[in-house]
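Next up, some structures in structure tokens.
In what follows, subunit A forms one complex with subunit B and a second complex with subunit C.
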Partner chain A sequence: MHNNLDINVHHITRVEGHGNIVVNVKEGKIEKLQWQVPEAPRFFEAMVRGHSYQDIQTIVSRICGICSITHSLAATKAVEAALGIKVSEQADKLRILMHYSEQLQSHTLHVGYLAAPDFFGTPSVVPLVARAADAVKTIVKAHRIANNWSDLIAGRTTHPVTLIPGGLTRTPTEKQLRQLQQTLKDAVPDLKKIAEVVLSVAANIPKFERPTEYVSLKQTTPPTYTFYHGGVTSNDNKGAVLPIEKWHDVANEYMVEQSTAKWAKWHRDAYAVGALARFNNNAELLSPMAKDAAKMFGLQKDCCNPYMNTVAQLVECFHIVETSIDLIDQLLVRGLKTEKVTSSPKAGKGAGCVEAPRGILFHEYEFDKNGKCVAADICIPTNQNHANIQKDFEKLLPEILDQSEKDIRLKLEMLVRAYDPCISCSTHFLDVQFVR
Partner chain B sequence: MDRPRVAIFDFACCEGCQLQIVNLEEELLDLIDNVEVVEWREAMSEQSREYDIAIIEGSITRPEDEKRLEIIRTRAKTLIALGACATIGGINKLKNNFEMSDVKKCVYGKSADMPHLETMPTKAVDEVVKVDYKIHGCPIDRKEFTYVIRCLLMGKKPEIPEWPVCVECKSKGNPCLWDYGQVCLGPIIRAGCGARCPSSGFRCFGCRGYIDDPNVNGAKDVIERYGLSVDALKAKMVLFGIGQGPTNA
Partner chain C sequence: MTDQTHRNDVVVIGLGNPLLSDEGIGVHLIRKLSENQDKFPSVEFIDAGTGGMNVLHLIANRKKAVIIDCIKMGKKPGTIRQFEPTDVQTTKKMVHFSLHEADILRIIELSRQLGECPNQIVIFGIEPESLELGQNLSKTLSDRINAYLADICNELC
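Our next item is the complex of A and B:
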């Protein structure tokens, strides 16, 4: 047991953005234990004001490089809701396919490059090349497949340039989709290999549990393990689904002094979003291979070990690939058509919601009759996890206080990394309750 | 020669440009063989205090970041601005359209006066310290990044295109988006992205910043055909490059 302990992790590494961990233990008593987010706020909700409804997704895509496609999709859905713009079935399916590509990009990046070094006990992925060359090569390959996939549908891997209100600027050819489908089929053995490597070090995933509220999208018609359509649900909401227009009832944001980012709560004092939340709310709807992968790791519904979020991401990789193979079949059977997209300005207000790789994401905009943005409200997943990370810290630290300082530090850092936070995007808006 | 020590730092940005470095995959591992990466917060946990090449991503939006950047400059022999946020202030400059007090109030409401939310008008890196090289784009082009780094490793000066996006766009045989009523900024924007956006049917919105002399063939005829003017096009740069100076470095 430590009588005195002083840990100050300034700018935690291997996460997107900046976050600090402060631990202060005096004479066996925890005096200070904080998850702090001091990232420079970027003020997107203020910056979009005055801009055309056609430029919103191009601006807010820059909230986060890792979830740029997701932000663009949420914004585009919100703009379309506000202006009453309809999207064709083909464009809808292509967008879902585009969205999956980013989920796979982000999940392989997080599992392979950012979290795996923890499981192997190396400071970065670079020394891993020497220790597990084959595994790293397979991860690199999977990551590149995801990148090329985004290139094809979104015009590039980061900050899409094919997405416009009403549809897409370009349609891939049937040949390109067939090639993509083959690539995805060929990627299945690679995913299995990655899963086996992670399983071989799964003993290093800390055993820690804290029941909390898990919030995610849920789609009932047809029942789907959704990232894109549907409404909001949670285990505390007894499976009931809220329409996304009501998202303010879910994400009750408030300010705390240790953070430039806002925190959020719904039924309890904190909730979690992300792969584990999606899994806990929708696991029965996963694809067969994804279910097998979950079984491999003993991951079951109602899991409340936050470190298992990384495993849930891996499970989702299988679902994404298997579901996309099927989605491409659906597109090919219908036959691809070149679609002309038009839209015109109108006054209105609308919300859009999708699952980012790291959890549920809300966008809302209001436009004047010329289609100029007059107000915006964005609530990103990492903000929704901050309070939950703090609560995890408060339960975890007393449980591990007898371990070495190095281990304590590592476990706290790993916990933050398990949430896969992209803090660069988490500094933003709210109607404020000031908490001191 | 010893392997040059390289450090990567991020300021206010989306970190999408660092992501393009990660996206180099095998090529990155190859580059890493030729340099010593001494600090890169996003990818590794080691940190250092001396470097030959400092790569700066992001815009400068707080007084404390100005100080941090000045310190980095004193420790770095060569300093590279990475991506539009760093080279021209990028999307972050949209903030400069408003009063800072208004921006804070809009986003943080009653909490706007909390000291840790302090912010200042966005600056590009060269508005604070001397920049030796600029790698343009939002995000950067991966190939251009490796090209610039390899040039530096060989002691050569990298050559960045001094002609407009239209040149690349035409060589790809794209139809001109002005024919479809899109306000494409290709004629005044620096090439090097392979006309990424027009090739996907999306107008060029200027992420690489404007070129200093747009009056070259390729852009001239577009400007003539559609009755455009350089000044009128600059006035339409509402997303990137607000109040931008020259972009060559």
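Our next item is the complex of A and C:
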């Protein structure tokens, strides 16, 4: 047991954006324990005001370099809800296929590049190449497949260009979809290889549990492990599913002193979103290979170990690939048609929701009669997780206080990383010094 | 899908967020360069936004990669400087990867370790004047767009 402990992690690494961990223990008593987010607000909601309903998805795609497709889809759904725009079955399926590509991109990135170094005990993926070259190459290959998949459907790996209110500007050919389907079938052995590698170091995943409220989308008609359709549910909501328009009743955003980002709570004082939340609310609807992967890791419904979120992401990779192979079959059987998309402005307000790789995401917009945006509200998954990270810290630290300072620090950092947070993604600029 | 085996040997990648004034200079320049695609049939121009790690795939197995980015170099705002990855060291406080802050120099290092790095990598860094919210470049940078384009095109000829 530490009588005195002072941990101050400024800018925790291998998470997106800037977050700090502050631990202060004096004479065995925890005096300060905080998950802090010091980043400046980014005012995207203000930025879209005055813009046409047709431009919203393009602007908000720049919120994030990882979940740009997700932000675009949430925005497009919200615009369509506000203006009463209908989407064809073909466009709907292609959008889901587009969305899956980004889930796979993000999950392979997080599992492979950001979380794996923790399990292997290396500071980053670069030195991991020397220790597990085959594993890194397989992860890079899977990530590359997902990127190319986004290129095909979204028109670009990041910041999609094919998405517009009412549908898509471009339809892939049947040949392209068949090629994609074959690529995904060929990727299955690679995913199994990645799962085996992660399993080989799974003993390094900390064993920690805290009963938690898990919030995610839930689709009942037809029952689907959903990332795109459905309403909002939680394990505290007794099976009830709230319509998306009621998302404010779920998030209940509020401000705290230690963070510039908003926090959220629903039935308890915090809740979690992300792959583990989706798994806990929908696991019985996973594809067969995904269920097998979950079994490999002993991941079961009602798991409340936040570190297992990374495993849940890996499980979802199998579901995404297996379900997409089937989705392409459905598209090919009905035949692809070139669709002309038209829409016209009118006044209205609407909400859209999809699952980002790191959890449920809400967008809401209001437009005037000319289709100009007059109000916007965006609630990102990472903000919904901040309070839960703090609550996890408060249970975890007393349990590990007898460990070395290095181990305590690592476990707290790993906990934050397990949530795959995306604290800010709009700036990336490089600072350099010339060495000659 | 993009066929990795039949890609152009030369890629020009613009990085940045065009919603943050000069931070988006790489994206602005790629848009301009793409308008003259017919003059560079063997070059692929890509707006990579803040795609971070995706740059690893965009440069993989090419002969040459040209990267255009807003970079704080301690120079006068608007200054463009051409250099190679070995000419600089990052001064970022983040010593390892994050997603979006994926440091381009570390991505190049990973690419090298994977054995798929282009033989030649040229980086054009442009010193920003403003990183405020906004879709327009500062006057200092926008006045120099043609000079930047000339420097980059010169590298592609």
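Just so it is clear, the second predicted complex is superposed on the first by the 424 of 436 C-alpha atoms of A that agree within 3 Å, B and C clash if a C-alpha of one lies under 4 Å from a C-alpha of the other, contacts with A are read in each partner's own complex, and residues count from 1 in each chain.
As a convention for this text, a contact is a pair of C-beta atoms (placed from the backbone, for glycine too) under 8 Å apart; a residue touches a chain by one contact, two chains touch by 3 or more.
These numbers were taken from a predicted model, which means no experiment stands behind them.
J.: Using the overlay on subunit A, decide if subunit B and subunit C clash or can fit next to each other.
T.: Clash.
J.: Let me test your reading of the model: by the given contact rule, A:K246 touches which partner, first (subunit B), second (subunit C), both or neither?
T.: neither
J.: Regarding the shared-chain residue A:R156, is it in contact with subunit B (first), subunit C (second), both, or neither?
T.: Touch partners of A:R156: subunit B and subunit C.
J.: Quick one: is A:K395 in contact with subunit B, with subunit C, with both, or with neither? Answer first, second, both or neither.
T.: neither
J.: Which partner chains sit in contact with A:V140 here, subunit B, subunit C, both or neither? Use first/second/both/neither.
T.: Touch partners of A:V140: subunit B and subunit C.
J.: So, A:R49: does it touch subunit B (first), subunit C (second), both, or neither?
T.: In the superposed model, A:R49 contacts subunit B only, not subunit C.
J.: Is A:T58 contacted by the first partner subunit B, the second partner subunit C, both or neither?
T.: first
J.: Between subunit B and subunit C, whom does A:E257 touch in the aligned arrangement: first, second, both, or neither?
T.: The first partner, subunit B, only.
J.: For A:R170, select first, second, both or neither according to whether it touches subunit B, subunit C, the two together, or no partner.
T.: The answer is first: A:R170 touches subunit B but not subunit C.
J.: Which partner does A:T183 reach: the first (subunit B), the second (subunit C), both, or neither?
T.: In the superposition, A:T183 touches subunit C alone.
J.: Report, in rising order, the residues of subunit A that make contact with subunit B in one complex and with subunit C in the other.
T.: In the superposed arrangement, which is not itself an observed complex, subunit A uses residues 11, 13-17, 42-44, 47, 59, 62, 64-66, 68, 109, 113-114, 123-126, 129, 140, 143-144, 147, 156-159, 422, 424-425, 428-432, 434 for both subunit B and subunit C.
J.: Report the residues of subunit A in contact with subunit C in the complex, numbered from low to high.
T.: 10-11, 13-17, 42-44, 47, 59, 62, 64-66, 68, 109-110, 113-114, 117, 123-126, 129-130, 136-137, 140, 143-144, 147-149, 151-152, 156-159, 176, 179-180, 183, 422, 424-436
J.: Inside the complex, what are the residues of subunit C that reach subunit A?
T.: These residues of subunit C touch subunit A: 1-2, 4, 15-20, 23, 47-54, 56-58, 60, 69-74, 83, 86-106, 109-110, 113-114, 125, 128, 131, 133.
J.: Going by the contact rule at the top, pick out the subunit B residues touching subunit A in the complex.
T.: Touching subunit A: residues 10-20, 22-23, 25-26, 29, 32, 37, 40-47, 61-62, 65, 90-92, 94-95, 97-98, 102-104, 106-111, 114, 116-117, 119, 138-139, 196-197, 199-202, 205, 238-239 of subunit B.
J.: Write out the stretch or stretches of subunit A touching subunit B in their complex.
T.: So the residues of subunit A in touch with subunit B come to 11, 13-17, 38, 40-51, 55, 58-59, 62-66, 68, 109, 113-114, 123-126, 129, 140, 143-144, 147, 155-159, 161-162, 164, 169-170, 255, 257, 260, 422, 424-425, 428-432, 434.
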